[in-house]
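Here come two complexes built around chain A, the first alongside chain B, the second alongside chain C.
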Partner chain A sequence: MKTIGLFRFLPALTSFSIAFFIIFSPALKAQAPDDSLSTTSPDALAVSIAPPTSLVVFDYKYDDGEALELTWVPSVDDLPVVGKVTGYELYRSDNGGEFYKITELIPGSNNFRDEDLSTGVNYVYYIVALSADARAASVKTEAIQTHREWLNFNLKYLFLIALIISASVIYFIETARRGKKLFVRKIAGLEAVDDAIGQATEMGRSILFIPGINDMDEVQTLAAITILGRVSRVVADYDTKIHMPVSRSLVMTAARETIKASYMAAGRPDAYSDDMVHYVTDEQFGYVAAVDAIMVREKPATIFLLGSFFAESLILAETGNSVGAIQIAGTARPAQLPFFIAACDFTLIGEELFAASAYLSGEPKQLGSLKGQDVGKALAMLVILIAVILATISEIRPLETVRYVLDFLIQVFTIKT
Partner chain B sequence: MRREIPLLITGIVGVGFVIQYFIPHAPFSYMSDWFSDWFSIIGACAIVLGALNLMKISIQKVISRKKDWGYAAVIIASFLLIVIIGMVEGKDFRVPGTNFDWLYRYMYIPLSATMFAILAFFVASASYRAFRARNFEATLLLIAAFFVMMGRVPVGDIITGFMPEGWRLSNLASWVMNYPQAAGQRAIMIGIGLGIVSTSLRVILGIERSHIGGGE
Partner chain C sequence: MEHFALWLAAFLTLGIISFLYKDNAWYKLTESIFIGLSAGYWMVSLFWDNFYGKFWVNKSESPYLYVGAVLGLLMLLRLVPRIGWISRWPLSFIVGATSGLWLINYFSSNIMKQIEATILPLFSAQFGSGFDAGAAAIIGNLVIVTGTFSGLVYFFFSKEHKGAFGRTAKLGIWIIMITFGASFGYTVMSRMSLFIGRIDFLLSDWLGMIL
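Moving on, here comes the complex of A and B:
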């Protein structure tokens, strides 16, 4: 299948998504809390403390019919000055069966989300306030069922933002495909890749490629494997030795396929060996010990540390530094970046790790995708600037319109699940 | 077809995952769990491949007496020891008091902790290099680090106890962490988010193919 084939699907997919929202929006009515106001009383219980009141249950919106929300007014004996209430117990009955305790709550609680429920079941609740020597129950709620929703409207702004960014990425890919020259700033760490491999070749020493310690379900590992594709192509051309110890079996399989394909693309399938990539262990520090030992014994000329790293980042980078290797590191874990910057020659910071494969390929359509990212950055900068100005104005002189716009921006950029 | 089929599967599953995030209704609501379960199943099967590969490489090294073959012999012995003890002890192998548990507690955990402890020395050597005031940026880093480190220990506030509340080292350290540091880190996070979107789109659309060997 050609890439263009997928492009043809994209407008249809976008239209389909928008149409989906429009068609199903009338079905997204939240159940009115009034329908489920409490009316009946539970069995007699001690009442030397005041019970919680106004227990209301309503369907949790925008889910697969798995949750109900409960709110209530705490017992008047739950006020800090009174302090009689020691906690609450919430009871539930399913389809008219016996009531049973579903949770215990601390004093001052006034809401609870009951999850892992099923559709088509009638749920009734009541809540009991507890003190050292008494219990006081609220009235029972009306029976209520959960409802399934087709769209999560809590995510509507996220959907729009994702659509804008995706559209800009695709627009620039298409622009680049039509032949327009796009400026992409130089990334020092990636400019050094060819030189680093060349140096290893000249010195007759190996290249060590460490793809982090996460599995293939981590996007950073995927980014590392895509960079490996480019690196191993150059390695195959230069006839350099590459060594890749991994901590996940699936990464081993994927990396082998990637290197093998690169050697075939370079016209040197005979030079490929499965032993270039080998599994060590899933255990974090066991892996670190093995990789450190490889560094100390083999003294590789170039070390790539690309992917997802945790506490092992500095141990690996410092050992690499001590054997005098050129080190090119990259991760999207901000906490590990300072360690790489301190110990490595070049560090790909965050987004540069994801840009690396496109950058190294030099293909216009891949570089176009990097340009599309810039639209997202410009949007983020604009919104941050506007929000900072509005927040400052609102502090100096509280204006209702300014507060409204600021609240709206906060709402747009807050993800509610 | 060797490239087209993986690309097609990636495209369909990728688009499916984007859609399922916005649709809470079944079957989309189950997609994430299904794929996570399948990933775990495939991963569990693949561990056999990994273990076999480790054994194969180690045995080859010992048989052909390659350089440092002694380490490979230790790997084989350790691997066999832990596997055999685990299998002999059956499904209760992780219960405290078993031989497997003893090996885990008194061999694996101390070895692991030893590797982790090395980090303390590496932090010292890396900090020394990073904080050398070679240029303006490194000097700025040194000054910021000095204030943050001093502000995080009681002696910082003792030294600056005579100053107004907001000017003490602990407050200064908090300010550095809450404003310049948090702002820089969030900027990196925004870039990472956009990078992930862009990479995902390239993979889903089949533009990024280097993980399957590149080419058209």
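Moving on, here comes the complex of A and C:
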């Protein structure tokens, strides 16, 4: 039991660690000068055109030590239309070795980000301007190494906002745990879940649950599996048959665990069978062929299409519709939602899919999470309202204070890459 | 051999299309071949791409890969009922790591960038001198701001959709539905291209009716 207790906290622990690591790790990049001005001259080349000048190389900040940024002033002969320069070639030497061409650039270029580099290697660059009959090289840069940064301060505002929302989530979870009732408005599609399962029971037909075609690294699949927990609990209570063909082995494992837990919670572990969930194939349309056939042959009374769907969404929804099943669908993929809305009885649109599990379960943790997210949405609405008013005012009558506040808001929500 | 493969592909394509008439033995045969072949293909592909290509080839260079390998092995413990519960650990790691990874992506794309893109003036002298240019920019910005705001109201779950709040939410769902309607036709056409591709195969490659 102790192991299971630890297991319960592992997803949250791992998720927090990963999020923390990403925020404070060099995932995104920004630039800051690191004086490494060029000093020496490369081999003499033809000089009928002027070379690029002021070639500067500096470390790319807040990355994993994999990139350097180069800037230069283009050749004075690099002019639009009448210019003689036809392009540039950038050369690099690693650890004092031979120079070799790393890229070709179009006329007018004045910067380049050299990526996929390694730490601990000395890099030296020079750039050559090309014309139809001549080449002109810049001076070489000094040797420079890449540096790895542990903290990505470009994401500081994102971290702060995440912290506010996370604090709200924790607050509401604790509030719910203390027994305070948290209000969540009705979500039409979810109201129908119990009725749909009840109807399947009355008709003596099965329930088909399709969790999309993505793996467990897709948040929509996670949401679908969470809803499956509630659906399978009702299924276990009603003694209805549930059938869940999946296209990913990990989803199969997670789904089996979920349904098994529901049957145990319902006090009917003997009624559970691993055969309720079975793997078909990873191939998208192979999976669709199998699911369509299951729909036509078993004629399920209720079909859940919840998760991440692609081109197969309309095929599945249409086939389900043709066998007369009640269909409850939900996805966060905007391109597939129109099909579900057209062919299914109830559709959970985007965020509703994620809210569904909280609404259905009524558990403090999930309800608190939902309420915390609502705090985030309220903040977003407030910021949009204020910022749009400020932006409009600053266009009509430029005021320094208004511009300052507006610039700050824009800066907060701008992710530097 | 090439002719045999062509005829086999045409036979299987027609077998799948025959499902449009009704479920039949031809479809069942084609379905079984399709599923069996693809499942086998994916198993082999995942073994060579992931286990061999990512782990086996690079294991000496990156010791971190052993963590993944051990987690993968733990998954296989499901096959031993007595210690099958250990397979929950890698599963927990995957679920937790996924949540953590997506947390940042979602915050970045669904919150930060969305808000940044919505901070627009509803009027500006720089929108254009002509009426058309100015009106188009004003209406465009108004739609973006109103659409985003009312959409957020619709997805706000802590308040009943009543009164002014309810009317704003209704506007939000209308805008969402109009957006879906616009994307419906576009996506249908892209799905049609899949069908056209198969018909093209039958008429061109197989029957040679289209040169």
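One rule holds in what follows: the second predicted complex is superposed on the first by the 373 of 417 C-alpha atoms of A that agree within 3 Å, B and C clash if a C-alpha of one lies under 4 Å from a C-alpha of the other, contacts with A are read in each partner's own complex, and residues count from 1 in each chain.
Keep in mind that, in the parts below, a residue touches a chain if its C-beta (ideal position, glycine included) is under 8 Å from a C-beta of that chain, and two chains touch if they have at least 3 such contacts.
Owing to the predicted nature of the structure, the values given are computational and were not obtained by experimental measurement.
Colleague: Just to be sure I read the superposition right, which of the two partners does A:Met264 touch: chain B = first, chain C = second, or both, or neither?
Modeller: So A:Met264 only meets chain B here.
Colleague: Would you check which partner chain A:Thr226 touches, where first means chain B only, second means chain C only, and both and neither mean what they say?
Modeller: After superposing on A, A:Thr226 lies in contact with chain B but is clear of chain C.
Colleague: By the touch definition at the top of the document, which applies to A:Lys377: first (chain B), second (chain C), both, or neither?
Modeller: Both chain B and chain C are touched by A:Lys377.
Colleague: Give one of first, second, both or neither to describe whether A:Ile349 is in contact with chain B, with chain C, with both, or with none.
Modeller: Once the two structures are laid over each other on A, A:Ile349 reaches both partners.
Colleague: Kindly list the residues of chain A that each of chain B and chain C touches, one partner per complex.
Modeller: On chain A, the overlap between the chain B and chain C contacts is residues 3, 7, 10, 13, 17, 155, 162, 217, 219, 222, 250, 253-254, 257, 279-283, 285-286, 289, 293, 297, 311, 314, 334, 337-339, 341-342, 349-352, 355, 370, 376-377, 380.
Colleague: Could you list, by residue number, the parts of chain B that touch chain A in their complex?
Modeller: 4, 7-8, 11, 15, 18-19, 21-26, 29, 39, 42-43, 46-51, 53-54, 57, 67-68, 71, 108, 111-112, 115-116, 118-119, 122-123, 125-127, 129-130, 185, 188-192, 194-208, 210-216
Colleague: Which bits of chain A are touching chain C when the two form their complex?
Modeller: Residues 3-4, 7, 10-23, 27, 155, 157-158, 161-162, 182-185, 187, 216-219, 222, 250, 253-254, 257, 279-283, 285-287, 289-290, 292-293, 296-297, 311, 314, 334-339, 341-342, 349-352, 355, 359, 370-371, 374, 376-378, 380-381, 383-385, 387-388, 391-392, 394-396, 406, 409-410, 413-415 of chain A touch chain C in their complex.
Colleague: Of all residues in chain A, which touch chain B in the complex?
Modeller: Of all residues in chain A, those touching chain B are 1-3, 6-7, 10, 13, 17, 62-64, 148-152, 155, 159, 162, 165-166, 169-170, 173, 215, 217, 219, 222-223, 225-230, 233, 248-250, 252-254, 257-258, 260-262, 264-265, 275, 278-286, 288-289, 293, 297, 311, 314-315, 317-319, 332, 334, 337-339, 341-343, 349-355, 357-358, 361, 365-366, 369-370, 372-373, 376-377, 380.
Colleague: Help me check something: in the complex, which residues belonging to chain C touch chain A?
Modeller: 16, 19, 22-23, 27-28, 30-31, 34-35, 37-39, 41-42, 46, 75, 78, 85, 87-89, 91-104, 106-108, 111-116, 118-126, 145, 148-149, 152-153, 155-161, 176-177, 179-181, 183-184, 187-188, 190-191, 194
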